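What follows is chain A paired twice: with chain B in the first complex and chain C in the second.
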Partner chain A sequence: MGSVTATVAPPTGSNVILWFRTFGAIAGSGFRRYATYRQAALAGAVTNTVFGFLRCYVLLAVAGAAGSAAGYDREQLATFVWAGQGLLAVVLFWGWTDLADRIRTGEVASDLLRPVHPVTSYLATDLGRAAWACLPRLLPPLAVGPIFFDVHLPTRWPTVPLFALSALLAVVISFGCRFLVNATAYWLDDVRGPQILWMLSSGVLAGLYFPLPFLPDGLYLALQLATPFPGLMQTPLDVLVERGPGAAQAGLVAVQAGWAAALLALCRLVQRRAERRLVVQGG
Partner chain B sequence: MAEPAALPRQRPARRLRQRPPRRPRQPPGRLAAYRALLGAQVRSQTSYRTSFVVDLVGNLGGTVFDVFTVLVIFGVTRELGGFTVREALVVVGLSSAAFTTADLLVGNVERLPRYVRTGLFDAVLLRPLGALPQLLLMDLPLRKLSRAVFGVAVLAVAVGSAGIDWTPGRAALVVLAPLAGVVFFGSIFVATATVSFYWTESGELANSLTYGGKDFTSYPVTVFDGWFRAAFAYGMGFAFVSYQPALALLGRADPLGLPAWAGWAAPAVALVAAGLAAVAWRVGIRHYRSTGS
Partner chain C sequence: MSVIDVRNLRKEFTVRVRAGRLRRERRTVAAVGGVDLRVERGEMLGYIGPNGAGKSTTLKMLTGVLTPTSGEVRVCGLRPVPERTRLALRVGVVFGQRSQLWWDLPLRDSFALLRHVYRVPADAHAARLRRCRSLLDLDGFLDTPVRQLSLGQRMRGELTAALLHGPEVLFLDEPTIGLDLVSKQAVRGFLGELGRAGDTTLVLTTHDLADIERLCRRLVVIDHGRVVHDGSIAALHDRYGSRRLVVADLDTALPDPPELPGAPLRRVEAEGHRLVFALESASAAELVAALGALATLRDISIVEPDIEEVVARLYGKEGPPVNASGRAGGPS
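So, the complex of A and B:
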């Protein structure tokens, strides 16, 4: 009888324009969905700003009298902290359990009936969410930081578009990781274990708590080469503070792109394997 | 088919009615009710053993990484704000012992916004028990036990390796200061949670003072500067959780000029904070309006 998958085959004779239109429509609905929580976004921005002050003072104290730490000068450290606090909610490390909840309740069945691949539709929603988060979550810390601290402003024009691209790739990498963590619910009904593991590792290994070059060189290199974590935050921030020459930065963004593609492919693979064994609960 | 099933269900009910009251017992007191709530929590949380162990380990990891972050920072610099790593660890130890214990006992109150939003708080208010103790016991996070133990262990190691010149006063302070810190952080948890009585969608706002306070107290106050330091350290009193007691334990003069007795002021500051939190709670709960659902 051959293999039976739950996903309805997408319409063949792929129409690229149609695909983009669908993707755009789902992303737009993601944007509108998250745009309803305006007060929570304001509260979150205030919290990010308080943490911006906390972390900025600590890193400036690390730079101390010498004026630099691990190759970052004081202005670069300030930009690193404040842009990092802004990116946190855009990249979204924590608190996304939509897929795991839907798998547990069985609602995921309706995702499988749609003519859009689940990975694609969840990615589109997440990009819409990230686009909304840029307004109330990224901009306030970026605006408040320079008022109270001397920050590093980009001196090369390619930095800004490269940062935008790098931040976009960071969202995709973060989405891929979160999707995989959530997808463990297909096998384990309780995803708290993988969730906690992801929560712990993402904060420390992505460069949120301290710039990763603070770590011993070997460890930092291993993180860069063998894990997607620096691509979540360290790389876009390094691009923004112009650490190293432009070519090296483009190289780091290329590594990020590689991780993003690999993770999305892995998501699709995991999703296909999961659909083979999925038993929707509750009938 | 329905009738035979209905019969056995009636029987215990009849037996209950016929049974004479054995002993005229006193109505169970408040304490018994709280104990029952706590017991139910322990049983329900430990019934899924694997999940519980995973939670214990995960919560431990969070605090381990907090300490790891401080150590990484000291890997880059010799001293931070004029403090060596051994001295700074005393600050970290006092902060993490106080925060983790307060988070275990009171941190749960940060779920209040959800209770207010869903209207579950109505049920809490209807019961003939205090609202705050109920909230704390309703889902006391036993999984946070692991990190509280770790927090106290960090303090023990830090105090042991800092080369403290022990006097009876300092020995008393090393016990009193973390206890005062627990009361202080508990007050912050309660006071910030009351915001949700006025602003239901306040979301992460409370985190800026609870987890933000934890971050602030993990470093010597000299690290911070300007109005931000003035507001957090002295305006809200976070300096008295870890920094001032650490100075008193280490026998160092305060570079910021507070007298030596400031380290012993921690319990007084904690009591003031608890009083303010109690007022905030009482005022807040009067402002509670049910969602009506």
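So, the complex of A and C:
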């Protein structure tokens, strides 16, 4: 049994490299875990695509004869809708209750027994999930949209990398919000209330149902600065449709980065508070 | 230095109980009420108690999952709650009723992921996995997703997962719960091997006393959050006066059962054809010789004391006699 029980060898190599290796391995496992549900991914892609048509026709009707609405032209609106339909599952607004379920059943105890901070390990898993979602969920609407509608294609080279960064930050912001909503289970046991609140606010305030510039300017600005919601969808889509000059877009992505960092810090704080008063359900 | 050092450990929960139509009262319930425990390196400790006695709560405090209300805890020299992540590298935990494996992933992937999570060098990981594969016979289901494993298969996977980082202490919370006989034996055999190697400390909670009898020399019994026995199984029997019994079948009934020194008569059965003696100071040979002089013996059997009976008596009482034997510590 010697080889089974040999005591822990001190890790070799720098801590930062090891941290990234661990993070990468957990993200990879997230990718593989979600990749097992292929039929669900296919069904989701079909639904997203069907709703893409619906939303696109509605927004184009709003643009009407004038050919523009709230500063978006018809091509920009089409890109906004179709890229949004693809991003929806990557950013993942709804349907993630992993943490709340594990708190409710007491399985969360296993998460605390790992040498990795729970926020870090859940984030890594979620990034892996998002990477998987890019293939079966982001690509189909992006491919279908341009077949049936005239779409706006990026004209400036920094747009694509900036969009990728903005989408990544959107996933982190979404993760932070979902983690916080789920973490209310530490106090409430039943998270349906906070879930419903999150569902309503995220849909309306993130720019999923309609582009936020449809709102009065002051309100839109307040949402941008005072809430993380526009960072979930509005910002990456505005980057992609090249609304406004490049500097303004970079500024919006910086705001997103600020929100992502703040939310992750808040997640860690909430997790620490929760651990202090944790009751593991079910003995 | 002890691997586990616990002094006056307490955990209280606040519960709200109805006290009238709208009013709720807060009441404090002590799940663990002052446990003292020291476990040395390589010991195999059975930690038992009835449902709700505070076994799992103690284990969760020892691993840093739950914050104690008061008391001192050191595991591997670390304070479990503030140093939980460091402690996690040095202990392994198996919860019989929970899974630490990834539901959607095959065992093989779970193990590979654990290597990165615990930052185990590849060769050490491979060596430990190889040993577990052969001892726990994992090869048949290494590529099956965890959700499709039977309970026995999953438990073998859980044990492997808890050992791949070479923990100094292994906490097992009811590892044989719900397992069939064959799986139970496999798990016990494996843990026995682990214990014999001597460098892993094992803390085992269970309701199956056969686990304890096979594996643990030391037994800690907890009831209502307090330690009511701490010592060997033999000490527990001594303490409760449970003795080995000698059952003697006689050819002819003895009308007047004999009084034999050091072996009081417990029962007379089969109309005097069967006598049951408890072995106190007399040896079995002395008893048989004395009986042989009185009557013709047809058969003799020796019955080991039943630990379940003793423990059931222990659970039933509010508190056993204090300091009756061994390292006994009763409620104060």
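As a convention for this text, the second predicted complex is superposed on the first by the 269 of 283 C-alpha atoms of A that agree within 3 Å, B and C clash if a C-alpha of one lies under 4 Å from a C-alpha of the other, contacts with A are read in each partner's own complex, and residues count from 1 in each chain.
The definition used in the following text is that contacts are C-beta pairs under 8 Å (C-beta built on N, C-alpha and C of every residue); 3 or more make two chains touch, one makes a residue touch a chain.
Since the model is a prediction, treat every value here as computed from it, not as a measurement.
Considering which of chain B and chain C touches more of chain A, the answer is C.
Touch criterion met: A:A40 reaches chain B, while chain C stays clear of it. Of the two partner chains, neither chain B nor chain C is touched by A:L88. Once the two complexes are laid over each other on the shared chain, residue contacts for A:V62 go to chain B alone; chain C is not touched. Using the contact criterion defined above for the overlaid structures, shared-chain residue A:G193 touches chain B, although it does not reach chain C.
In the superposed pair of complexes, A:R21 makes contact with chain C only, with no contact to chain B.
By the touch criterion defined above, A:L112 reaches chain C but does not reach chain B. In the superposed pair of complexes, A:A70 makes contact with chain B only, with no contact to chain C. Where the contact sets of chain A with chain B and with chain C meet, they give residues 37. In the complex of the two chains, the chain A residues touching chain C come out as 1-9, 11-12, 18, 21-22, 24-26, 28-29, 32-34, 36-37, 105-107, 109-110, 112-117, 121, 275-280, 282-283.
Listed in rising order, the residues of chain B touching chain A in the complex are 48, 50-51, 54-55, 57-59, 61-62, 65, 68-69, 72-73, 75-77, 79-81, 199, 201-205, 207-209, 212, 215-216, 219, 222-226, 228-229. If you check the complex, the residues on chain A that touch chain B are 37, 39-40, 43-44, 46-47, 50-51, 53-55, 57-58, 61-62, 64, 69-70, 148, 190, 192-193, 196-197, 199-200, 203-204, 209-210, 214-216. Taken together, the chain C residues at the contact with chain A in this complex read 13, 52, 56-57, 60, 63-67, 81, 84-86, 88-90, 93, 95, 97-100, 102-105, 109, 112-113, 115-121, 124, 127-128, 130-132, 135, 145, 163, 165-168, 193-194, 196-197, 199-200.
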